[in-house]
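First chain A sits with chain B, and in the next complex the same chain sits with chain C.
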Partner chain A sequence: MNPAVGIVAIAAVSVATAVIGFYGLRISRTTGDFYVASRTVRPWWNASAIGGEYLSAASFLGVAGLILLSGTDALWFPVGYTAGYLMLLLFVAAPLRRSGAYTIPDFTEARLDSRAVRRVTSLAVVIVGWLYIVPQLHGAALTIRTTTGLPAWVGSTAVVVVVCLTVVAGGMRSITFVQAFQYWLKLTALAVPFVFIVLALTDNGTPAVAAAATNPTGLAPAGPYQNISLLVALLFGTLGLPHVLVRFYTNPDGHSARRTTLIVLGLLSVFYLFPTAYGLAGRVFAPGLAQAGQADALVLLLPGRLIGGPAGELLSALVVAGAFAAFLSTTSGLVVSLAGVISQDVLGGSVRGFRLAALISATVPLGLAFMTDSLALAGSVGLVFAFTASTICPVLLLGIWWRGLTDAGAIAGMATGGLLCGGAMVAGGALGAGGTPFWLAQPAAWTVPAAFAVMILTSRATKKRVPRTITKVMTRLHTPERPLATER
Partner chain B sequence: MTRIRVTAPRSAARPVLQSREAAEESAVGQVFVRSLIRSQLRLALVVAGGFLLILGAFPLLLAAIPGLAESRVAGIPFDWLLLGAGIYPVTGLSAWLYIRSAARNEARYRDLAEDR
Partner chain C sequence: MPDSPLYSAAAVAVIALAIAVVVGVGLKVLRSFRELGTDAERATYNTLHAASKAGQHLRTGLNPAGASKASKQLRALLGCDALAITDVSGVLAWDGAADELRPRLMGLAADVLTGGRTQVINAGEYPVLSVGRIASAVIAPIRAGSRVVGVVAAFAPSAGAGLVRATSEVADWVAAQVELAELDASRTLLMEAEVRALRAQISPHFIYNSLNAIASFINTDPTRARELVVEFADFTRYSFRRHGDFTTLAEELRCIDRYLLLERARFGDRVQVSLRIAPEVLSTVIPFLSLQPLVENAVRHGLEAKEGPGHITIAANDSGAFAEVTIEDDGVGMDPVQLQSMLAGHTDGEHVGLRNVDARLRQVYGDDHGLVIETAPGEGTLITMRVPKSQPGHDA
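Our next item is the complex of A and B:
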C-alpha cells in the first residue's frame, strides 16, 4: 500500500487525540470538575469510554491474526475478553463503585486498613500496567512497518511521545469524550471496510467460504487444558485491570455501574464480530500472511488486497487510523492510571510528581518493547491477563465477598500468584515458543487457584488480624446508596 | 462532554449516608446486611455457573454430534457461527437477568431496613 496514506492516517489520529486532549485541559483544572462530572456522565457515554479504553491492539489486530493462525481455537479470545466483563458485573462492579475508592490500591487499603497491602497492590498494578503497554507498542511498531515502510521503532516511539505530551500537559486525563469517540472510531474502522469487502466479493461471484476450516500453518490444535487455562486468565483477569476499574468511579451509584457494564457487554459483542469475520475472511482469501509471519497485520492488509485502487487505499487508511486509535487510547488510559498510583505512593501526590510519574510509566514499557519481540499480540496480552488474575483478582474478590480476609493473607496470596505467574512468563520467554511446555505457556489454570488458596489459608491462620472496621466496610460495599422511590 | 481529574486520592474516610449508618450500628440492621450480601453472592454464583455451563456445553455439543461443526448456515461453518457469534447473546442475557435480580434483592433490603 502507498506509504503516504498510512502516514497521513496515523498523523490525523495523533493530532486529533492531542487536540481534544489539550482542549480538555483548558476547562478541567480542579478536583471538583471530576466529582461534578461523576454525576453527569450518562451510562452510554461511560460505556463507550470503557469500550474505547479496553479494545487494545490485541483486540483490534491480534484477535484476527490469531484466528488466521489457529482457527476456531482462537475464537476463545474474544469470547473470554467479553465474558470477563460479565464476571466484572457479577462480582465487582457495584461493590467497587460503592466503596468510594478511586484506584485498586485505594480499595485494598480501605478494606484491609493497611498501608503495607496498599504498597503490594500498587506494585502489582504497576507491573500489570507496564506489561499491558508493551503489546500496544509492539502493535504500533508492526503497523508502522507494514503500512509505511518506516523502521519499526518509529511506531512505538510515536505512541509514547503522543501519550506523554497529552498526559504530561494535563490533557487526556481520562477524558470520557475522547475515549468514547475512540470506541466508535475503532468500530467504524473495522465495520466500514468489511461491508465493502463483502460487497466486492459478492460482485465477483465469491468462492464459498469453503476453505475456512483449512489450516494455513500446520499448527497443532490446542488441547482442552490450553483453552480452559486461557479462559480462566481472561475471565478473572478482566476484573483486575487498573484502567478499566478506574472508569467505574464516574458512575453516580452502584446501580448505574451495573447498567454501564451491561451496555459495555453489548458494545464489545458487536465489536468482536468484526475481528472474527476478518479472521475467517483471512483464512479463505489471504492464508499466505500466516506463512509469512504477518498474521497480526491481517486486518491492516486485507482491505487493500481484496479491494484495489483508490477505494482500497482509503479503506486501508481508515483501518490504520482505527488501529492507532486503539494503541493510543489503551496506552493513555494505562499511563494515566499508573501515573496516579506511582505519584501517590512514591512521589508524594503533587502535580509535578504526576507528570514525572507519567513519563516513567510510558518510557519503561518503551524500553521493554525495544528489548522484546512480538510473536502474537493476542497471546502476549493473554499472559498479562493471567498475571492480573493471579494477583489483583483474588484480593478484589475475597475483599468484596469474604469477611475473613486479612492483610497478611492478601500480601501472601498476591506474592504467591505474582511469583508463580511471573516465573512462568520469564521461563516461557527464556525457553522460546517451541521449547515451552503447555502448562508453562498458559499458567493461569494453576497460578490462580494457588493464589486464592494461599490467600485463604494465610487469612485463616491470622484470624486476629481481621480489621475492626470490617462491619462498616462490608455494609458500605453492599447496601444500596439511598432509597429511591422511582426504582421500586 | 466530561472531564475528569485523577491526581487527588479519595480519602477512605467519607461521610456515609444516614440510612447506612443506622444499618451499621444496630444488630438487627447487621442481620439484614448479612442476608443481603448472602443473597447477592448466591445470585452472582448461580448466574456465573449457568453461563459457564452453557459455555462449556458449546464445544461438547460440537464434539458429540458428528458433522455438526462442518454443517453450514448461509455458507458459514456452524462451529464458527456458534463460538464466534452465538455466545454473545448468552452473555448479554445473563447480564440482564443478573441486573434485574440484583436490583430486586436491593429493593427487598430497603423495604426491610426502612420498615424497622
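Our next item is the complex of A and C:
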C-alpha cells in the first residue's frame, strides 16, 4: 500500500488521542449544569473505556494471526480474553470498588495491613505492566514496517513518544473519554473493512480454494493440556491486570461496577467476532502470509489484498488507524497506572515524581522491545496473563474471599507464582522454539495452583498474623454501600 | 510460542531482580560487620534504643497489647527476672519468670497505688514472693499528673539500691509516655471538636442573606421562591448531617451547586461559575464540607467587594495517585503576608473558613496536603487542594 496513507492514518490517531486527552470531552460547563458534572461516569462510558484499554495489539492483530496459523485452537484466546471478565464480574468487581483502595498495592496494604505486602505487590504490578507494554511496542513496530516500509524501531519509538508527551504534559487527566473513543475507533476500524470485504466477495463470487489452504501451516491441533492451561491463564490473568482494575474505581459504587462489567462482556464479544472472521478469511484467501511469517500482519494486509484500488487503500488506512489506537490506548493506560504505583512507592507521590515515573515506565519496555524480536503477539500476551494469574490474581481472590489470608502467606504465594512462571518463561526462551516441552510453554496450569496452594498453606501456618482489622475490612468489602445522603 | 519476545524480556527482568536481591543482602551483611563504637557508646545506644522501642508501644496509652510489648524491652533494660505493668484495676503485662505471682500482684501493689510511693518488698515479710530465685520486688508507681495510673513491678533475687532507683526511673518514664498518649488523645479530640465547630459554622450571614433574598421573590415570583426554599432546605440538611466526617467530591459539588443557586438569587448575574471536572475523580473521598468554605470565601471575599461581574472556576483533575481540586476567582485577592499569619493562627482574619479547611486537611492527610493559595491584592485568588484518591480508612 501507499506509505503516505499509512503515515497520515497513524498521525491522525496520535493527534486525536492527544487532543481528546488535553481538552476534549472533559466535562466543561458553565453555571447550572452542576448536576451533569457531579454525576459520575455512566456505566456505558466506563465500559467503552475498559474495552478501549483492554483491547491491545494482541486482540487487534494477534488473534487473527493465530487463527490463520493454528485455526480453531486459537479461538480459545478471544474466548478467554472475554470470559476473564465473567470472573471479574463474579468475584472481584464490586468488592474491589467498595474497598476504596485505588491501586492493587493500595488494596493489598489495606487488606493485610502490611507495608511489605504492598512492596511485593507493587513489584509484581510493575513487572506485569512492563511485560505487557513490550508486545504493544512490537505490534507498533510490525505495523510501521508492513504499512509504511520505515524501519521497525520507528513504530515502537513513536508510540512511546506520543504516550510520554501526553502523560507528562498533563494530558490524560481525563483518560476515560480517550479510552472510550479508542474502543469505538477500534471496532469501526475492524468492522467497516470487513463489511466491504464481504460485499466485494459476494460480488465477484468466491475464488476457488485449494484444500491445503484451509490449514496453511499444517500444524497439528493443540492437546487438551495446552488449551486448559491457556484458559486458566486468560481467565485468572484478567483479574489482576493493573490497567483494567484501575478503571473500576471510576464507578461510583459496587452496583455500577457490576453493570459496567456486564456491558464490557457484551462489547468484547462483539469486537472479537471480527478478528476471528479476519483469521478465517485469511486462511481461505491469504494462506501465503502464514508461510511468510507475517501472520500478525494479516488484519493490516487483508483489506488491501481483497479490495484493490483507492477503496482498498482507504480501508487499509482505517485498519492501521485502529491498530495504532490499540497500541496507544493500552500503552497509555498501562503507563498511567504504572506511573501511579512507581511514583507513590518510590518517588514520594509528588507531581514531578509522577512525570518522572511515567517516563521510566514507558522507556524501560522500549529498551526491552529493542532487545527482543516480535513473534506471535497473542502468544506473548498470553504469557503475561499467565504471570498475572500466578502472582496478583491469587492475592486478590483470596484477599477478597478468604478471612484467613495473612501477609506472610500473600508474599510467599506471590513469590512462588512469580518465580515459577518467570522461570518457565526464561527456560522456554533458553530452550528455543523446538525444545520447549508443552508444559513449559504454557505454564499457567501448574503455576497458578502452586501459587494458590503456597498462599493458603503459609497463611494456615501463620494464623496469628491475620490482621486485627479483618472484620472491618471484610464488612466494607462485602456489604452494600449506604445510599448517598443527598440523593433525592 | 517458545520464541516469544517475552522469554527474553522475562529473562532480563529476572536477572535484574536477582542482582538487586544480591546487592541488597550484601549491603545488609556488610553493615552488620561495621564498627559500632566503644562499650559505653554501645550501652548508651542500646538503652536509648530499647527505650524508644518501648515508647512506640506505649504511645497508645496503658493497654494490654502495648504494655506486653513494652515490658519485654523494659525488662531487658532493668536486667531483672520478671517485670510487670499494671493499671489501677489489673495486671496488663507480665514478662519473664514466676508467672504464678501474677494474680497476687494487685494485692502487693495496693499500698503503692494508694500511697504513690516506691516500695520494696522482700520474701522475709511476704513468703509468697519466693518463687524460683526471686526473693524481692520493687514496685514503683506510674504517676500521670497527680494521679497514680498504675505500677511498674520488677522482680529480682535481691533489690539493691541500683534496681530501686532504676525501677522508679522506668516508672517515671512510662508515666511520661502515658501522658504523651493522653496528650495525643486530647489533641485528636480537639481536632474532632474543631471539625464539628467548623461544620456547624455555616455562616449566619449566609442564612440571613438567603432568607432575605427568598423573601424578595415571594410576591414577585412565588414559584422561584418555593424552589429556593427547597434548595435552602437541602443545603442545610447536607450541612447539618450528623454522620461521617467524609463525603465524595460529587456530593460536595452538589452542595456547592445549591449554595451558588442561593447566592445567585441575591447577586443575580454578578456571579458567574464555570466547572471543569474530570469524571474520574468524582468518587474521590474528601473531608466533609471542605470545598464549600473555599467557594464561599471566593464569593464573600473575592467577588462581593468587587465591582461588576466576577468569575469563579472550579476544576478537578486526575493527577496520578491524587485528585487535584482548584478554585479560582478573579476578585479582589488577598494580602499574602496577612493570609500567611492568619493561616498560621496568629491573627483572626476574615478568612477563618480557609484556616479551618487547611487545618483539617493537614490533620487528615499530613502537612504536605494543606491548601496552596496563590493570591495578591487585586489579582484574584487560586486555591489548590490535593488529596490522595486512595483512602481505604475513610468512609464517604
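Keep this in mind: the second predicted complex is superposed on the first by the 457 of 488 C-alpha atoms of A that agree within 3 Å, B and C clash if a C-alpha of one lies under 4 Å from a C-alpha of the other, contacts with A are read in each partner's own complex, and residues count from 1 in each chain.
Assume a residue touches a chain if its C-beta (ideal position, glycine included) is under 8 Å from a C-beta of that chain, and two chains touch if they have at least 3 such contacts.
For clarity, every value in this text was computed on a predicted model and none was experimentally measured.
Contacts of A:101 after superposition on the shared chain: both chain B and chain C are touched.
Within the superposed three-chain model, A:474 lies in touch with chain B and out of touch with chain C [touch as defined at top]. When the two structures are aligned on the shared chain, A:380 is found in touch with chain C, with no touch to chain B. With both structures placed on the common chain, the touch criterion links A:149 to neither chain B nor chain C. Once chain A of one complex is fitted onto chain A of the other, the partner contacts of A:343 extend to both chain B and chain C. With both structures placed on the common chain, the touch criterion links A:127 to chain C but leaves chain B unconnected. When the two complexes are overlaid on their common chain A, residue A:223 makes contact with neither chain B nor chain C. By the touch criterion stated above, A:308 is placed in contact with neither chain B nor chain C. Of the two partner chains placed by superposition, only chain B is touched by A:272; chain C is not.
Residues 27-31, 33-34, 37-38, 40-41, 45, 100-103, 106, 109-110, 173-176, 250, 336, 340, 343-344, 349, 351, 354, 476, 488 of chain A lie in contact with chain B in one complex and with chain C in the other.
On the chain C side of its complex with chain A, the touching residues are 1-14, 234, 237-238, 241, 243, 247-248, 250-251, 253-257, 260, 264, 272-280, 282-283, 285, 317-322, 388-395.
Contact residues on chain A toward chain C in their complex (touch as defined above): 26-31, 33-35, 37-41, 45, 99-103, 106-107, 109-110, 127, 130-131, 134-135, 138, 170, 173-176, 249-253, 336, 339-340, 343-344, 349, 351, 354, 357, 368-369, 371-376, 379-380, 382-384, 387, 422-423, 425-426, 428-436, 440-441, 473, 476, 484-486, 488.
On the chain A side of its complex with chain B, the touching residues are 24, 27-31, 33-34, 37-38, 40-41, 45, 72, 75-76, 78-79, 82-83, 85-87, 89-91, 94, 100-103, 106, 109-110, 173-177, 208-209, 212-213, 227, 231, 246, 250, 255, 258-259, 261-262, 265-266, 269, 272-273, 276-277, 280, 336-337, 340, 343-344, 349, 351, 354, 401, 471-472, 474-476, 478-483, 487-488. Listing the residues of chain B that touch chain A in their complex gives 1-10, 12, 14, 16-17, 19-20, 23-24, 29-30, 33, 36-37, 40-41, 44, 47-48, 51, 55, 59, 70, 75-77, 79-80, 83-85, 87-89, 91-92, 94-96, 98-99, 102-103, 106-107, 109-110, 113-114.
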